[in-house]
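Chain nomenclature is as follows: A, B and C, assigned in order of appearance, with residue numbering initiated at 1 for each chain independently.
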Amino acid sequence: MKFRFLTLYAVVFMFILYLPVLLLPLFSFNDSTIVAFPIKGFTTHWYETLLKEEPMLLSLVNSLKVACATAFFSTLLGICGARAVTRYNFFAKKTITAFVMLPLVLPEIIIAISLLVVLLRMGFDLSLFSVTLGHILMTVPFSIAVLISSFEGFDKSLEEASMDLGEGPLMTFFRVTLPMVAPGIVSSLLITFTISLDEFIVAFFLSGTEPTLPIYIWGQLRFTAKLPTVVALGSCLLISSFLLLWMAEFFRRRVQKRTGIKESVL
Amino acid sequence: MTTTQFTRLMRSEGMRGFTLMSPTLIYALLLLAIPIGVIITFSFWTQHYLDFDTTLTLKNYAIIWEKPIYQTLLFRSLIVAGTVTLVTVVLAYPIAYFVAFRVQDHKAIWIFLITIPFWTSYLLRIFAWKLVLGYDGLINSTLINLGLIDEPLSFILYNMNAVIVTLSHAWLPFAILPIYVSLEKIDRSLLEAATDLGDKPLMRFLRVTLPLSLPGVIAATLVVFIPTVGDYVTPKLVGGKDGVMIANFIQIQFGKANNWPLGAALAITAMVCVTAVAVSVAGFIKFIGSRIR
Amino acid sequence: MSAANSSNSRPMIRVDQVWRRFGDFAALDGVSLDIKSGEFFSLLGPSGCGKTTLLRLIAGFDDPTEGEIFIDDQPMSGVPANRRPTNMVFQSYAIFPHLTVAQNVAYGLRRQRLSSTERDKRVQDSLDQVGLGHLGARRANELSGGQRQRVALARALIMRPKVLLLDEPLSALDKKLREHMQVELRQLQRQVGITFILVTHDQEEAVTMSDRIAVMFGGKIAQCDTPEQIYQHPKTRNVADFIGGMNFIEANLLDQTNGHVTIDSSIFGKVQINNPHGVTFGSSFSVGVRPERITLMIDSNQEAERVIEGRIAGASYYGDMTYYSVAVPGQDEPITVSMRNTVGRRILAENEPVRIGWGPESLVPLA
């Protein structure tokens, strides 16, 4: 009785969770200039116009640049942080960790405006570089969270065995630790890449004259005539996000299989 | 300090951990702590066109205190975020419970499917709600097709309720995670012990499962409440005039109005209020938990 | 030997042809068992033998696929765990981490609607009983392993169950504490006088604490008897091997009458031995002999009823005892013999010739 109620709830929940997002692909194939019900007919026209949108392609390139740089640097910082947290005890560990993880709960607008003020006061011009700085700050906590879960299951005695067999700390890291947690690192790269690709607020404040993809979309949302194309673009983004995340999950599971933890989340 | 002492210190576990942590820590200090410090300083300055008057003053805070519009906005933002948090946690708990206790195999896949929407473009997810709630949206066209209404309902988009619905939907997947983790951590033999000592399922839930999952509930409350107070996109896209929140006004100060110090003061005020509310709510939940025998 | 026999022999628990299947696998394979009121009863066996499954069926955390369990003559099918007159001490102790020691102990009293003074008194009495009277206000996570175990005991006993179920309660404790708790548990059981059912894989624990033991293998009860009977007269080779050390010697059947079998074996020759369980044997089977039931005759003037010649193949020194492997002609595996290290006794060297003295009463036929 109780079991069936909860199952029913879960099914309805999943349906409603996905419903709005699934409307995007639906409308992207709708043969009508207005993004609204009723559905008129099938067309791939909007995807065709999308490919001809020069500014869209430019903003896509911008976004990819930012996302790649963000993924690389935040994962690098994430590795240091996650390794320090899982392997060592040090002074004020809890406070420091909490501080580094703070962007996870801070409203994005606070991060955005504080960075904006500092960068402009220091005489920097707003550019993709400033967006990247902000994105790294925001994604490091996610990277740490993902990497902690792969470092945690890692048996310390494996490293000790390597040291015992004559390797130094650095080579031990490269020969034992890194191969073991490599899938976790790939997973962190993919997740931080995805977050950066989709991030809006920080980019909105910090991008200056070089729009990222979400900024481009934001600009297009005002024009009703452009909406079908935006919806087509959104569908592409959704699919690629889904694929990236699926890959991230795949790699995260690999590392857990290797280190022998059972299923875990974050 | 001698060289050996220094080497020994540098080689100590604590120092090695600290060294390893330092790049991440320095980055966060440079790009988070210092900027926030600057923003706080800014909030005590004033601006005349493009020049800043760096004399420290409480003028900005006085404006926020005196003009009802800011209090209304702040209050509305807190109410919206509070409602969103409540709705989110209440709706998320059963799903987290379902996955933790009822799902036997493939729990990770369930959690994965639940959380993906959270990682996909925020902007697009909010926009998608316009397609659901809009004049020609999913709800209106469905209701008309069912013959329940003749005219599309106009009150479902561009107001505070639309903001609450949209934000709750957006944050649900994220709220599930901490609750799920805390439920999953509960030793199953504790539940058997409760049954063994005479509790029926409902009492067992209230006396053991719920109190032990409160840390997860508190974490979910915080990760939803704090960011939503400062949300910008949702009120802008689906909020209309009545749904404007504090972040929209902060943005205006940094944009059109060009009054950065006032914007900074608004941001600081909002943060202080959010922290105060969040801490007291978390404390309250903990207190309730400790009353359960 | 047992307090149970003198008081009451009515079964408190009756397990009647119980099966528990998980898919194709039968965790319990038609188990029947009577446990008397006031008895300290142990379920003993290797992991995966079904002992914990049986305990959980009695507690009501799981239902039999077939068969019925009676507690105090009441059939238990359909009775949920919270309504059964049993309480459990869990292997992990399952101490509620969000409650204090006193709140843990008082947990089950909620339904009895006692006044707060009476409740507090019962909690205090119960804590005193397990020697934790001073720790009521402690948090569960501030307790040592031994203290947690006592809290779990107090929490279960305060419910005044008819049967207390203990699931490997001592396995998490270190050796010294475990031995101490064995004695204490046994005293506690005498004191409260209710039925205790202990699940353990530790044969020594079962032997020292129990009135009766059921030894289980592969979902079946191999033998259910007093510790002494199980040690001295194991029914099967499995049981003999699981409890204490045992030498196994292959033997051929010559004749079997009521209560006796006559065997022929390479080292013992033709001999008639007791068959206490009245088992019918096939043409060849194993005969067991405990290391301490045969003697190593080191002085040439020592005499015994029957003697085997052999050579020392190895020695393991255990402090109070030395276990010698003695190679014997006609037997592939050396025979293990134990010898007490009394004053002035030297450790025999390898290859030293020795004689083993034995009698037919030391031999046990094993199914």
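The definition used in the following text is that a residue touches a chain if its C-beta (ideal position, glycine included) is under 8 Å from a C-beta of that chain, and two chains touch if they have at least 3 such contacts.
Listed by chain with UniProt protein names: A = ABC transporter permease.
What you see is a predicted model, and the numbers here were worked out from it, not measured in a lab.
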item: Steps needed, at minimum, to go from chain A to chain C via contacts; value: 2
item: Interface with more contacting C-beta pairs, comparing B-C to A-B; value: A-B
item: Per Cα centroids, the chain farthest from chain A; value: C
item: Centre distance in Å when chain B and chain C are each reduced to the mean of their C-alpha atoms; value: 56
item: Distance from chain B to chain A - Cα centre to Cα centre, in angstrom; value: 18
item: In the complex with chain B, residue positions of chain A that touch it; value: 2-3, 6-7, 9-10, 13-14, 16-21, 23-24, 27, 34-38, 76-78, 80-81, 83-85, 87-91, 93, 96, 99-100, 102-111, 113-118, 121, 133-134, 136-137, 140, 144, 191, 194-195, 197-201, 204-205, 214, 217-218, 221, 230, 234, 237-238, 241-242, 245, 249, 253, 263-266
item: Touch list for chain B against partner chain C, complex; value: 187, 189-190, 192-200, 203, 207-208, 211-212, 289, 292-293
item: Residue ranges of chain C touching chain B (in the complex, touch as defined); value: 59-61, 80-83, 86-88, 90-92, 94, 96-99, 103, 106-108, 110-111, 155-156, 159
item: Footprint of chain A on chain B - complex, ascending; value: 13-18, 20-25, 27-28, 31-36, 38-39, 42, 91, 94-95, 97-99, 102, 107-108, 111-114, 116-117, 119-125, 127-129, 131-132, 134-138, 140-141, 169, 172-173, 177, 180-181, 184, 201, 222-223, 226-227, 229-233, 237, 247, 250-251, 254, 260, 263-264, 267, 270-271, 274
